[in-house]
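Presented below is the structure to which this report refers.
Going in written order, the chains are labelled A, B, C and D, and every chain counts its residues from 1.
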Amino acid sequence: MTESAKAAEPLPVMDLSTGICGIPLSGPVLNGSGTFDALAARRVFGDALIEDFPFDCYVSKTITMNPRPGNPPYRLWETPSGMINSIGLPGPGLDGFLENDLGALAEIGVPLIVSVMADSAEDFATLVERVAARDEVAGIELNVSCPNVHSGLIVGEQPAETEALMKALRPLTGKPLIVKLTPNVANPQEVAVAAEAGGADSVSMINTIKAAAIDPASSRTWLGAGAGGLSGPAVRPIALAQVRAVSSAVGIPVVGMGGISDAESALEFILAGAEVIAVGTENFRNPRAGAAVTEGLPLALRRRGFGSLAEARAATIG
Amino acid sequence: MTESAKAAEPLPVMDLSTGICGIPLSGPVLNGSGTFDALAARRVFGDALIEDFPFDCYVSKTITMNPRPGNPPYRLWETPSGMINSIGLPGPGLDGFLENDLGALAEIGVPLIVSVMADSAEDFATLVERVAARDEVAGIELNVSCPNVHSGLIVGEQPAETEALMKALRPLTGKPLIVKLTPNVANPQEVAVAAEAGGADSVSMINTIKAAAIDPASSRTWLGAGAGGLSGPAVRPIALAQVRAVSSAVGIPVVGMGGISDAESALEFILAGAEVIAVGTENFRNPRAGAAVTEGLPLALRRRGFGSLAEARAATIG
Amino acid sequence: MPADPAATPDRVQAPFGRRLCEVAETRPSGGYRIFTLIDPEGPAPAPGQFFMLAAAPDWAREGGRPYLPRAISHARFTRHPGSGQRLDFLIDEVGPGTSRLAEMKPGDQCWVAGPFGGRFSLPRKLNPQAAGAILVGGGIGIAPMAVLRRELVDRGIPSRSLLGFRDQAHSGGVEELFGCEETRLAFEDGSSGHKGYVTDLLLQLLEGDDSASAAVYSCGPPAMLEAVRRICLEREVPVELALESPMACGYGACFGCAVPKADGGYLRLCIDGPVVRGDEIATAMAGEPAVD
Amino acid sequence: MPADPAATPDRVQAPFGRRLCEVAETRPSGGYRIFTLIDPEGPAPAPGQFFMLAAAPDWAREGGRPYLPRAISHARFTRHPGSGQRLDFLIDEVGPGTSRLAEMKPGDQCWVAGPFGGRFSLPRKLNPQAAGAILVGGGIGIAPMAVLRRELVDRGIPSRSLLGFRDQAHSGGVEELFGCEETRLAFEDGSSGHKGYVTDLLLQLLEGDDSASAAVYSCGPPAMLEAVRRICLEREVPVELALESPMACGYGACFGCAVPKADGGYLRLCIDGPVVRGDEIATAMAGEPAVD
């Protein structure tokens, strides 16, 4: 801030193009699943959204087999430098998504990753097969970590189950499979290693951290679902530690997220070992947050003495 | 804030006296272990510290068998609404503590709880026996959760080991044993239940959450020890969820902490199921933070319609 | 001014992103605060729409909140040949976000995203029989009512405004936004106007009038809205309510602003509302303490 | 004024807790910022001591930082019969905390805790042979040097001040704190005074003088302090350095401010320092990037 006031630096021009699991990307900025509904945003902002789409790759909200209403209100609570949500994966279900949403999402023009979650390995398999069969889809993210849904599976907490699930799903598609890890374990790297062993192409992290809030008026729990997940800058130091631990334990690339609010914090995730990054909660504060990260990256890289993303990746703190 | 501006409320008079594991306390406010060095503070502030001691019960920094220098610098990093530390339990060791510090701490005049940590069950036993033998000591806190020390034991992560350790230590003293739980597990209530089964009188929580920081200048890890633990208001929503989960799973009282910064947030922990609370990081911002919490509690209780601490405890969100 | 009510689009689209606007004026009013932003870029918002606001450059206060922007309805939109487009807001300080907004001074900057959400229907669209509109505002909820009334005046559609307040310390904006034109006031504490609830006034009107030609619009605290909703549903009077719910984004991104629908499931208040038909929702009090 | 140097206590005790002080004045100076707090309660701090400061009521800025208070040395302490005790501070804006402090305006409030830490020894205590003192300040580190120089002047102890700066944009406070009295300046960019490091000036002095009667005091960036330390240790010149290290509390509570001791282990800079003897520590650059 003061630095830039003392001597305004001209923006360096830099090619940020990159990729994840073989999907070529114009830059390293994804959205966190469930933090940007591109179809709603198009209704609100019109075609300006498409002309100036803020992400290099779009990740859908997590899709489930059947339509879900989501959790009862309240679903949101603001916390110091963060927020808790207990959304509970509302959505149209697989059929509704494939019929009504996927085509419209493809109009955006960036690679699409579809996030899926299920209560059973069978349903996971159906989701993966049917989603992967669609040409619009570049990759699939397996959400085994939502703190707001009580699924039968606790895959995300258990390395062995994660590996077994991956082994079951891996043969179903040649498209990249990204496993979204839960931060609510002692050692996320154990789960990541298992995911890799089972055939995952990448892991993404962190999902939200279990959290609670109390209604100031009633002194009961504030969230309709009783508890939720914390996100935003408050969790960034935890996310950085986990990204670092996981990226040094696995060979597959890591999609890093958790409290990224600007180019500096995005770059921290690259330094911690992430291949690409995702913007989540910051989208709520600024609909163009993803684009703002991209715009700030060249300067953020140069301030740390890097001429490219690759140079920053090579300098990971290890 | 505005409320009080609109109509300044007179401070209600309220008896806050309470207790933990049979230790009578003038109020519910402890300090988090390692966040207030009463001997250093006395050097800095003089006898005013004793006359106006900010806590109803004093918890020592964690004591180890042998003297420890602690971790190399840097040991601190500020984060959004919080901080990371990697202090690494510097201290005089058991002998030094018993000889030089304990007597001086007893002069404070509030009940003393001594926090201990060891690499082995044998050392834990020695620490408990020798500390408990001293009349100055009202209770012992077993720190099985420090993220900044690589001990051979990972007791705090594993219910079975926690129970076994407690069973070994329980016969050594009749004084209260409080187990400080780690938040870095999927289900802290499993460890708490095991601690209770092993004979613990209480659990305290949360300790800090594993976190990392990157040096803005060198792009290497900032903390000398490589990683550290997050504390402060940023972690409060996580702490509240864990206190709630644990207090509904065990019958023994919970000492609640994690980001308490004022009377309102202290009361939230009571509502989440804590019997008493501890102030940690906020002490660094305000040396009298503990007293400020005590002073604010009557008004905070009344605003929520409670006439006493006991009424608030009875209203836990469950 | 669009002539055909049916041709009125249900929402005005927002510029993509957020923009910095300058605070032109601020002043206290009956326990609330009014402030004016200069918004050179934005389109004219429609009645019922709202904005997501966050004071800049530093939104957070001691304690790390506010962090998310706050949903605030505009209370007036004006174009001045010299000073550009002005947006007025009416604020009740109930927590860190509204207090921080109320603290802004002329010359300060504020992040603005929006206008978001859909608009109130015109009376004829809500009720083809409508002779005019009945506007029922409570507390801070008089802001969107004021915007709607102004549009109705401009279109030459008759309306009556019923405004209810807890007490004088929660009664800002009446003169500034409604002028000296006929409005009927109710104060719960009896300090002025009718002593009691604004719904008493609504009941009087609906009993005197032919309910069949009424079109009711309302905004205010959840309990008031629920009372208005029930009164209207019982009498089969078409009613539109502008609701509140906690919002993180305001543009459909977070799914946080859920309000239970009459036929099950939830709507996203920020894009499916904030204006909803009375029969569309299960309750206007979804905002009540969750029982756990 | 205590007459006997040996009787000077090593620290002035701080009032317990923190207190709100008003900002009386602020102004820019050579790329830095000087501000003045009125501190009615606090004791007169000794040279080398520091305070923990946090702007009030809202310390945090966008992004949730600053959160912890910041350690700042006082640059001057004065008692005015009318306006009470005044503390001056010199600030270099290097991040959110220092920027937030530099942003304060007259009339604003600031949380103050302290004075913390120990003081510089008087020259005769540091070196019984001392004829006077050599003060070596660098950048923002001239602040505690100014306080020490003033005490020495008051006690009639001769001193010479050598002040080094990177460039004109990092050279505030010289005139305000050192007046027009003889000080020798060095600028790395050669824009004024000696072109080069302030340690060049120190070497000149120590070569000209009898090193045996020197007592050196220094405060500045780590690399400069380490150079001063080595120069003095090599020549067996007693030296005291005021160091920096990240601090959360300032009063010994957090154990965060570790500085490696010469004989192993760490000292807590806030209570064992911030003034340390050159031979007491392993390096003045513990602040360097941790290699992992």
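The working rule: a contact is a pair of C-beta atoms (placed from the backbone, for glycine too) under 8 Å apart; a residue touches a chain by one contact, two chains touch by 3 or more.
This is a predicted model, so every value here is computed, not measured.
Going by the touch criterion stated earlier, list every chain that contacts chain B and also contacts chain C.
Common contact partners of chain B and chain C, which must touch each of the two, are A, D.
Centre-to-centre on C-alpha atoms, which chain is most distant from chain A?
D
Is the number of contacting C-beta pairs greater for B-D or for A-D?
Pair with the higher count of C-beta contacts: B-D.
Could you tell me the distance, in whole angstrom, between the mean C-alpha positions of chain B and chain D?
34
Measure off the straight-line distance from the CA centroid of chain A to the CA centroid of chain B, and report it in whole Å.
Comparing mean C-alpha positions, chain B is 34 Å from chain A.
Quick one: report the Å distance separating chain C from chain D, using the average Cα coordinate of each chain.
55
On a C-alpha centroid basis, what's the spacing between chain A and chain D, in Å?
About 46 Å, centre to centre.
Which positions in chain B touch two or more other chains at once?
Chain B, residues with two or more chain partners: 77, 79-82, 220-221, 232-234, 317.
Which chain C residues sit where two or more other chains touch them?
60, 63-64, 67, 292
If every chain is a node and each touching pair gets an edge, what shape is that graph: line, ring, star, complete or other?
complete
Taking the complex as given, what residues does chain D use to touch chain A?
My answer: residues 31, 63-64, 93-94, 96, 99, 102, 169, 292.
Which residues, counting only chain A, touch chain C once they are in their complex?
Where chain A meets chain C, its residues are 34-37, 40-41, 43-46, 48-49, 52, 61, 69-83, 85, 87, 90, 215, 217-218, 220-224, 226, 232, 234, 281, 283-288, 291.
What part of chain D is in contact with chain B in the complex they form?
Going by the criterion above, the answer is residues 11, 13-18, 54, 60, 63-69, 97, 111, 113, 116, 245-249, 251-260, 264-266, 268, 271, 286-287, 289-292.
Okay, in this complex, where on chain A does chain B touch?
By the definition above, chain A touches chain B via 77, 79-82, 84, 157, 182, 184-186, 209-214, 216, 219-221, 227, 230, 232-238, 240-242, 244, 259, 268, 271-272, 304-305, 312, 315, 317.
Considering the complex alone, what residue numbers of chain A touch chain D?
These residues of chain A touch chain D: 1-2, 6, 80-81, 233-234, 261-262, 317-318.
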